[in-house]
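For reference, the structures are reproduced in the following blocks.
Common to both upcoming complexes is chain A, partnered first by chain B, then by chain C.
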Partner chain A sequence: MRILTGAVMAALLSTSGAFADPVDDNLVLNEETEMVVRTAAPDHVSEALDEVMSGWLFRGTETRAMQMDDFDNPGMIFVEQGMDTWSKVDGSEGKSCASCHNDIDSMAGVKATYPKWNEAAGEVRTLQMQVNDCRTERMGAEAWKYDSGTAINMEAALASVSRGVPVNVAIDGPAQSTWEKGKEMYYTRTGQLELSCANCHEDSYGMMIRADHLSQGQINGFPVYRLKNTKLNGSHSRFKGCIRDTRAETYSPGSPEFVALELYVASRGNGLSVEGPSVRN
Partner chain B sequence: MRISVITAITAGVVASGAFAQEVAPTDVSYTEGAVEQSLTGVAGDPANGRIIVGDKGQGNCVACHMVTDLAEEVPFHGEIGPMLDGAGERWSEAELRGIVANAKIMFEDSMMPSFYKTEGFVRPGNAYTGKAADETFGPLLSAQQIEDVVAYLATLKE
Partner chain C sequence: MASGVKPRVKVPKKATAGDSITIKTLISHKMESGQRKDKEGNVIPRSIINRFTCEFNGENVVDVTLEPAISTNPYLEFEAMVPEAGEFKFTWYDDDGSVYEETKEITVG
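Right, the complex of A and B next:
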C-alpha cells in the first residue's frame, strides 16, 4: 500500500513540477554586463545542489526585463539617493563617505565579499554594520537603523558598483563558527508549520507554493526592489518575513542570528553575480 | 470564523451529548500513522471540509496540493505535495485522519504541517505576527475541522 502510493506520488510530483521550472534565459545588464545567474554549486553546498541559481530566473518575463536596464529598474532611483548620501557631510567630524573613500567606484567588488570577518572587532560584519562603524567611529554621526530606508539605499549604491562581480564570501577561518550557526538556522524547521529555509528553497525550488514560484532564496540580488511594496528590501527583512510565514517567532534585522544567516545564505550563492538592486515581485 | 466553528462544535456536542469524546491533540493515538477513533464523535461535514481545504485562513491545503474539485473557485494551487484527487480511494478514513492530524507520522520528515498538534515546536509564533506564541496558542485546525476535512477527502474519488 505505502509503496504503491509512493510510486503514484513520485509520478504526480515529477509531472507537476515540470512547468514551473526556472526559465532558460541570460541576464545582460544594460546590453553590456554579462551576469552569472546560474553556475555550479560551490563545494560547501554541492551535496545539496548541483547548480545555484539567481532568483531572477524564477520571475516573470516583465519583472526580468525591468532588471535588465537601469532606466527601467525602479531600484536605481534609490541607488541615486544612496549616491547623494555618499558625498554628504554628516556628524561631528565634518566628513562624508567620500572624504575617506573618494568616488563610490572605489567600492567596486566590496559588496561581493560581505558579510566578512572583522579582525579588530572580532566579529562577522555585514555591509550595513561596516557602514555604521564608519559613521559612528570616523564621522561622529549616528548609526542608521538596520534595514531602514537610508541604510538600504546606501547598501544598494554599494551593491550597484559591484554588479557582475561574483559573490565570494569567506566561510573558513574565524568566520567559520558564525557560518556554522547560520547553516544550522537554515536547516532548522521553525514555527507551527515546522518549515526550514531548506524545505522551501532547497527541496522545493521551482515549484509553486500557492501563487508563489519558489526560488533558491539566494541573496546575490539584494537589496531587492519589490513590486509588492514599491521599495528596496534588505535580506534580513526578507528572512524575517519568511520565518514569520512559518508561524514562528522571528528575529530582528541586524540581530546576531540574522548576521550568521546572511553569511551562510550569501555563501550558498558564491559564484553568482552581485545583482543588487534586483527587481522581484 | 473561529467563533462559528466553536459554535458548530458546541451544537454538535449538545446534539450528541458527547462532550467527553473530544480527543485533545496530546491524546491522539496513532497506529502506523492512522487514527481510528473520531476526534469528536461527531460525523464530519464534507461541505465545510471543502471550504477549509481551500481557505487561506483555515487549512490552506491548496498552498501545497492541487485539487481539481476546487479548481474553479480557488485560484493558484501549489505543487509541493501530491494532487489530492483520488485521496479518498488511496487512503482509508483512519489513514486520512492520521495524515491531516500529523502527517509526519505516516510520512517521515514530511514537509506537510501537523494540523492537530500543540507541542514540540521550535520558536512557535502567534499565528503570522512574528511574535512569540501566547496562551491563545492552539492546533492549526480544531478537532471538528479535522473531521470535516477528512470527510471531504473521503469524497475525492477518481
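Right, the complex of A and C next:
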C-alpha cells in the first residue's frame, strides 16, 4: 500500500510541471469567427520562439469560454459605450467620429496595423494617439487622457470590429528605429528584481509565476477585460504594471517609451488574430 | 437613476413546445455595496439592483433577490420551459426606485 501511494505521488509530481502549459484549444467567436491563437513565429522573432501563442491559451476553461460569446464577454459592455461615443458630437466643429468615418464597421482591420508610422507627424502613433489627433485637429474637442475610461472604450470598440484580422504591424522603413528602441527595452533588465520582459515572457512562458500562468505576453487581445478589476485595461497600463512588479520606476501610459514597446510587442504577435476586448484574469 | 444602466437579454427566437431553453441576462450597473468609503472617509451610499424578475405571458418564471455582495454588472442565467409562443418580460429594480424593463418574443414550432 505504501509503495502504491508512493507511485501515485510520483505520478502527480511529474505531471505538475506541465500544469501551466498552454492548452490545446481553438477559439471560435460567437460560433462563427475562427481566430488564430497559435501560429508560426514571424521572422523577426523566429530565433527566440518557434510559435507565437495568444494569452487566451494560458487561461482557464471558464475564462476562455467567457471570451467565446459576445454576450458572456463583459468587455463588450464597454465596447457598446465606445460605439455610443463614436456617433456622439463633441467639440467646437460639431462633429462626431461618424461624421467623417461613417459606420464604425468601416474601421475593420485598422487596429491590426497599429502602432503605425504617421508621415505628417513624423512619429509612430498608437491608435489612441490617432484618435486624439482626430479629436483635437478635426473635431475641436479635448484629447482624452491616455488609457482613461473613454479612450480605452473607444480603442476596444475599434478593436472589436477588427476581431479575426491578423495583427500586421510594419516594423521596417521609418518605423524601424522606434521598433529597435522597443526591442532594446524588451531585453533590458530593470528594477531591483532585474527582470526584462523576455525573462518571463520569452524564457519562462508556460511556467507558474506564483499562482498564475505566465503567457508569452502577447498584446493581440488588448484592450483586455480583467476579472480582477472588472474593467478594460490598455497595453500601456499593463506594461506599467509589469515594470512596477520588477520594482522599477515605470514610464507613463502614452510616453514615447511605451509607444516603442507597444510597437515591438505587437510585432511579436504578427499573425495572431486581433482579439480585443479579450477576457483574462 | 444610476448612470450607464443598460439591460441586455439573450433568448432564442424559436423553441420546441415543452423544451427548456437557456436565457442569459446582464444589466450594466455599478452595484455599489454601501460598505466602501471615499477618499475623505465618507461612506459611499449603497446603490444596487435589489430584485430581478422574469415573467412569461404574465406567469412568473423566476424572482431573484440580489444582495450587496453581488459584483458589478450582474449576470443571471437560467432555464425556462416554453409551453407556447409568447413574450418574456424581464424587470430589474434599482435601489433608487428606477425600474428597467426588457421584453423578448419567442415562437414555438
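By definition in this document, the second predicted complex is superposed on the first by the 264 of 281 C-alpha atoms of A that agree within 3 Å, B and C clash if a C-alpha of one lies under 4 Å from a C-alpha of the other, contacts with A are read in each partner's own complex, and residues count from 1 in each chain.
By our rule, a contact is a pair of C-beta atoms (placed from the backbone, for glycine too) under 8 Å apart; a residue touches a chain by one contact, two chains touch by 3 or more.
On a predicted model such as this, the values are computed, not experimentally measured, just so you know.
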### Summary
Across chain A, the partner (chain B or chain C) reaching more residues is B
### Message
According to the stated criteria, A:249 is in contact with first (chain B), second (chain C), both, or neither; which is it?
### Response
first
### Task
Give one of first, second, both or neither to describe whether A:100 is in contact with chain B, with chain C, with both, or with none.
neither
#### Entry: Partner chain(s) touched by A:71 [first = chain B, second = chain C, both, neither]
second
### Message
Let me test your reading of the model: by the given contact rule, A:23 touches which partner, first (chain B), second (chain C), both or neither?
### Response
neither
### Task
Considering only the touch criterion stated at the top, classify A:211 as touching first (chain B), second (chain C), both, or neither.
first
### Task
Return the residues of chain A at which the contacts from chain B and from chain C coincide.
none
#### Entry: Touch list for chain C against partner chain A, complex
4, 6, 8, 10, 24, 26, 28, 71-73, 75
### Query
Which part of chain A faces chain C closely enough to touch in the complex?
71-72, 74, 77, 80-81, 230
#### Entry: chain A residues within the chain B interface of the complex
5, 8-9, 12-13, 16-17, 20, 188-195, 199, 203-204, 207-211, 240, 243-250
### Query
Any idea which chain B residues touch chain A in the complex?
56, 60, 62-64, 66, 75-80, 82-83, 90-91, 104, 111, 113-114, 121-133, 137, 140
